[in-house]
Amino acid sequence: MGRDSFEITVNIVKMFAIFLLMVQAVPILVWLERRGSAFIQNRTGPNRVGPLGLIQLLADAVKFLFKQPFMPERGVAPLYYFAPIAALIPGALALNAIPLSTPIKIEPFEMLGQMWGPYTFLFQGYDIGIGIVFILGISSLGVYSILLAGWGSSNKYSLMGAVRGAAQGISYELALSLALVGILMVYGTLSFKEIVDAQAGPLTFMAFGKEYVIGALPNWGIFYQPLGALIFFAATFAEANRLPFDLPEAEGELVAGFHTEYAGFSLLLFYIGEYGHMMVASALLATFYFGGYSIPFVSPEAVNAFWLAKVDGANTAAILTAVTHHLSLLVRVALFLWIFIHVRWTLPRFRYDQLMSLGWKTMLPWALANVVVTAIWLWLGHRT
Amino acid sequence: MTADSLLFFILAAMTVGSALVVILASNPIFCSLALAMAMISVAGIFASLNAWFVAGVQLIVYAGAVMVLFVMVLMLFDLKDEVRAFSRGLVSGFFKIASVAVIGGVIAAAVWMSTETIFSTAPAAPTVNATVATKQLADLLFKKYLFSFEAMGALLLIIAIGAVALSRIEGGTHADK
Amino acid sequence: MPINDALLNVGLSHYLILSALLFTLGLLGVLLRRNVIVILMSIELMLNAVNITFVAFSRYSPTANMDGQAMVFFVMTIAAAEAAVGLALATTIFKKFREVNIRYFEHLKG
Amino acid sequence: MQAEFLFAILLLAPLIGFIINGLRWKSKNYLLAGSIATGAVAISFIAAVLVVMKLFGADAPKAVTVEYFKWMAVGGLEVPVAFVIDHISALMVLVVTGVGTLIHLFSIGYMSHDERPSKYFAYLNFFLFNMLLLILGENLLLMFVGWEGVGLCSYLLIGFWFSDKEKAAAGMKAFVTNRIGDAGFLLGIFTIFFLLGTVSFDEIISKVAGMPVEVGWSGPITLAALFLFIGAMGKSAQIPLYVWLPDAMAGPTPVSALIHAATMVTAGVYMIVRLSPLFILAPNALHVVAVVGAATAVFAATIGITQFDIKKVLAYSTVSQLGFMFLACGVGAFGAAMFHLVTHAFFKALMFLGSGSVIHAMHEEQDIRKMGGLKKYLPITHATFVVGWIAIIGIPPFAGFFSKDEILWKAFSSPLGHKGLWAAGVIGAACTAFYMTRLMALTFWGKPRFDEHKTHPHEAPPSMAIPLIVLAILSAIGGFMGIPHVIGEILPGHPGNWLEHWLAGSIAAPAGEAHGSAIMEWILMGISVSIAGLAALLAFSFYVIEPDRPKQWAARLPGLHRLLENKYFVDEFYFERIINPLVSGSKALWAFVDVNFIDRATFVVGDFVRGMGSTARTLQTGNMQQYALYISIAIALMFVYLLEGPKRLAELFGG
């Protein structure tokens, strides 16, 4: 009983912490987006409030919080108010399922006159065995927030945006899932941790029963699944409703799409949901195709040994090891987030028919081809 | 044990509650959203039965695709609250509810009588790692049930063609042309 | 205490009774509602009830038996197919009558 | 390579060819269609060779079996989709795919002027797929699927030029006649399943292994064997179900070569050889097989003497040769039957293709009275035809000699044999020699009887010549795989009877001592060869030296000639005695019984039902929820009944 409740408490705390992490990253990303877009468009961007305009975030947050919340007269209150909350759930749940660093093995120690541990602290919200399927299932729920918002606002533009968003979500989820099937076939597991572990060391190919090692490259998924990575990357844009796939909120056609009628805090929640989606996508991209939290060519044991030599106490070293790996993941996530932002301010928006034909006629067949080619490649690799 | 049973009762309550909303709500949009909720709860129930992969697929297929389709179609129809959501007819209504009650009662009674001690836990099979279980499932689907699996593929293709053909008809079943 | 026992030990029969409940609710929906789409949704409810029994039996069979879970996939496929055709039919009816009442299907009697 | 993989290629290559050509059935590009089809069969042939290689070697298995998936499981019957290649089917599969490839190649040239080449090649490929299913299927049901499939393809190809009513009717005749045989085959399968509880060849053979030989006529195994033989009769054109095969010549000639000479019609023989351990237990059934076979051999050969259509002659020859194979089966010489099947496939395919080449050259002329002297126009066709001719009349050392002679010897010496059977065989062989020589003489030798200014016969293109040459070589040397012991002993190196050795493990042999000595075999061999030679010489003198003699003889024996020329009036007999009485009887029944009794009864029933219906019609409101209500009420009642609801309620409340 004691053990269970401790576990439950730890998990709840972790989930909450990761949720907060997601929320707290949003202002930084907003700032980055504004500065970045200004940089791309040869403008200055926010630069008055605080150094580099950093305090602008705080001002924005205050503005959002103090705006008067209101609802369209003929809106459907339960749906209208639930939609922004629903926008947060998939992102937060998905981010919780991704391992953000190596597990921390805490040796027994004494604190407050009591022995604690040993305990293995997982650096993720919860370890769910079927990680990939879970992520797909959760992210497929993302369209509900758009649909609810669209219907609840009782606004023509909102509804059109919502229907567009739903159709787009369903369409691109196919390509997304099929791209992940390739990963599934290569690694033969649904668990994120095992996928990350499998990407350690130098690049190792199996061909006709023989092993070929390419020492200069890390053993990352992108070398096994280049096409899959491309499709996954493109589909995540559509799933996150980012430009060039932001048809649901196309401001030129639909005012602001599904969140036309939202303002203030509830609009902020939508933003958090969108950025959360991007964060999840970046973390997944890093996990599946770029080695996750692992550091190229350096094993976690080596990092641990390094910290053991620097500091005293195994637990401190273990924590520092986890932090190091976490930073390694964060570097990748930041890089991908920047790519998300850069693409948004570089590419024009698709037309709706182009979007659909890209999804169904280009990405889906290629994703299928990727699955078939992967199957043949694996079959060839393991036969002599 | 307590945490598990608590989870089950919460999920069961959610499922039944959403199902009730599905059949009682007068606005079809609420019906469909409640059904989506029910699907998610059923996914939770699958998870509580250690059928992780099935739960995931339930989320992806039912909650993520089928229900979104329903909601989308309903939104496009722009249906308002229905004045008469239920079919009329006192006698047939009585028979309907009575027959359903009998079916439900009989199933419940059957479950009640079929297990020796109704509330004692049946010996559950040993739980296995989710990845291993998924592999077993794949083995079944791609070996034992391969033919059915392929047949399902053919069925889906036919359905896709049929649905497209149906929706391209102009003016419904009694078109003038 | 049987009641206490029933609350604390969740077993096969709990799932079966839940499934029976869902099934009857779905059946009620099919019999009573007038909106075609809601009827389709009630059918989905019934199919889900069946799925629960499949998975429950698979979990509580004495040997680790995954056949029940495999069946769920087939049920899901059928359900998806049924939803697709049902919605296409509903759309056709809607185009004609601007409503999706089940009574318009009486015209199919011929 | 993996056996699963090879079997899949072997079977699927023709199927894929069929699908491709079937999807582009409107195309008139005969070269592309033909290349696809030929390529598919060639791939199949290579796969077959690779599979058969597995059977060679010191520790090679006796059979390679591959099971793909369960087809059906009903009660005690479990039928997997499994394929087997053993020493019997190896022989057959090589012949079918090998000869099939050559005939496909030949067809490219032959069908070059046709309207629908894609359809033709699609059918041909589909035929091969079904044939392979028939040969390789590991159980009777799978074999039956192939059996029906080849029947269907045969029907489609006989009636390929269906705009001609007669040809369409020929297809129908083949189909219907085959159905009679198929019913017998199906009954045979049922009997076997009833008897042994299985349809798998392997299990059938292992189950009958220990059974005693059945004496008498009413034993279950005899019954099963006779039923199966009826099936074989239909497919392999034996008396009395042979009538469809001569008419089947309405189809394109390569089809006649492939389906109605080399492969499909031998399916009956193959089936009996396959089940030889079962047949050997029913000597009475085997006697029937032998007598029917011998009778067919003689009967068809005598008809062949008077026919004037080049393909009809060959068709009757095929029927007659099939009779020889059944004769071999009937005397328990299953190896000899297989041997003759293989050599016959070579030389009869050769002769059919040769006749195709002749018909092609003569602009669709099939009457040999209007040919003659084609030797100088068609040198390659003539040369290869000569090889086939020598092979079929049994002149050593060509293929036909070895196989036919082995059959005759076995008919004489086997414990199941009889001198009468041997004599019938010799007469059949003599007739064969006579009519084949006649065919040669009328077609290729003598003076041209067609207008040389109007018709310009031309030699076949290479795509048609190559198959002819390859088949001629095979017809010439094919016999060496089964050299009789007596000849082997005097040859240098003492070659053994390779085929007999190869098949020994897979087929059954009759119990009992063979009678007759080596000297006897030499004498009989001499007799049969010399009789055949004499018959050939006689025909040569009749048709080349003194072309008037046949007419005189026909005038001298008008009755016999009329009988033979009209094929013993069998078709007429069937029409007069079976079909017409059936039709008129049915008419009488219709006029009296049907109108007066059955119609009355049905009207009464109909009125009753209509009355019921108009009452029940009110139930069909079109209201789907009402329908659902009926269903749910029915389910509720069913549940209550199944769970003994009333009883339980009574228990609950009554005490």
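A, B, C and D label the chains in the order they appear, each numbered from 1.
As a working rule, contacts are C-beta pairs under 8 Å (C-beta built on N, C-alpha and C of every residue); 3 or more make two chains touch, one makes a residue touch a chain.
All values reported here derive from a predicted model rather than from experimental measurement.
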_Keeping to the contact definition above, tell me which chains border both chain A and chain B._
none
_Joint neighbours of chain D and chain A, given as chain labels_ = B
*Distance from chain D to chain C - Cα centre to Cα centre, in angstrom*: 54
*Just give me the whole-number Å value for how far the CA centre of chain B lies from that of chain D.*
55
*asked:* Based only on mean CA positions, could you tell me how far chain B sits from chain C in angstrom?
replied: 4
_Using mean CA coordinates as chain centres, what's the gap between chain A and chain C in Å?_
34
*Taking each residue of chain B in turn, which ones touch at least two of the other chains?*
53, 57-58, 65, 69, 87, 96, 100, 103, 107
*Out of chain A, which residues touch more than one other chain, so two or more?*
none
_Per-residue overlap in chain D, given as positions that touch at least 2 other chains_ = 625, 629, 632
*Could you classify the connectivity of these chains, where an edge means two chains touch, as line, ring, star, complete or other?*
other
*If you go through all the chains, which pairs of them touch?*
A-B, B-C, B-D, C-D
*asked:* Per the contact definition, I'd like the list of chain C residues that touch chain D in the complex.
replied: 27, 30-32, 39, 102-103, 105-109
*In the complex formed with chain C, which residues of chain B make contact?*
1-2, 4-5, 8-9, 12, 15-16, 19-20, 22-23, 28, 31-32, 35, 38-39, 42, 45-46, 49-51, 53-54, 57-58, 61-62, 65-66, 69-70, 73-74, 77, 79, 82, 84-87, 93, 96-97, 100-101, 103-104, 107-108, 111-112, 115, 118-126, 128, 133, 136-137, 140-141, 144-145, 148-149, 152, 155-156, 159-160, 162-164, 166-167, 169-175
*Interfacial residue positions of chain D with respect to chain C in the complex*: 620-625, 628-629, 632
*Contact residues on chain A for chain B in the complex?*
4, 8, 76, 79, 128-130, 133-134, 136-138, 140-141, 143-144, 147-148, 150-151, 159, 162-163, 166-167, 169-170, 173, 177, 188-191, 194
_Quick check: in the complex, which residue numbers of chain B touch chain A?_
3, 29, 33, 36, 40, 43, 52-53, 55-60, 63-65, 68-69, 71-72, 75-76, 129-131, 134-135
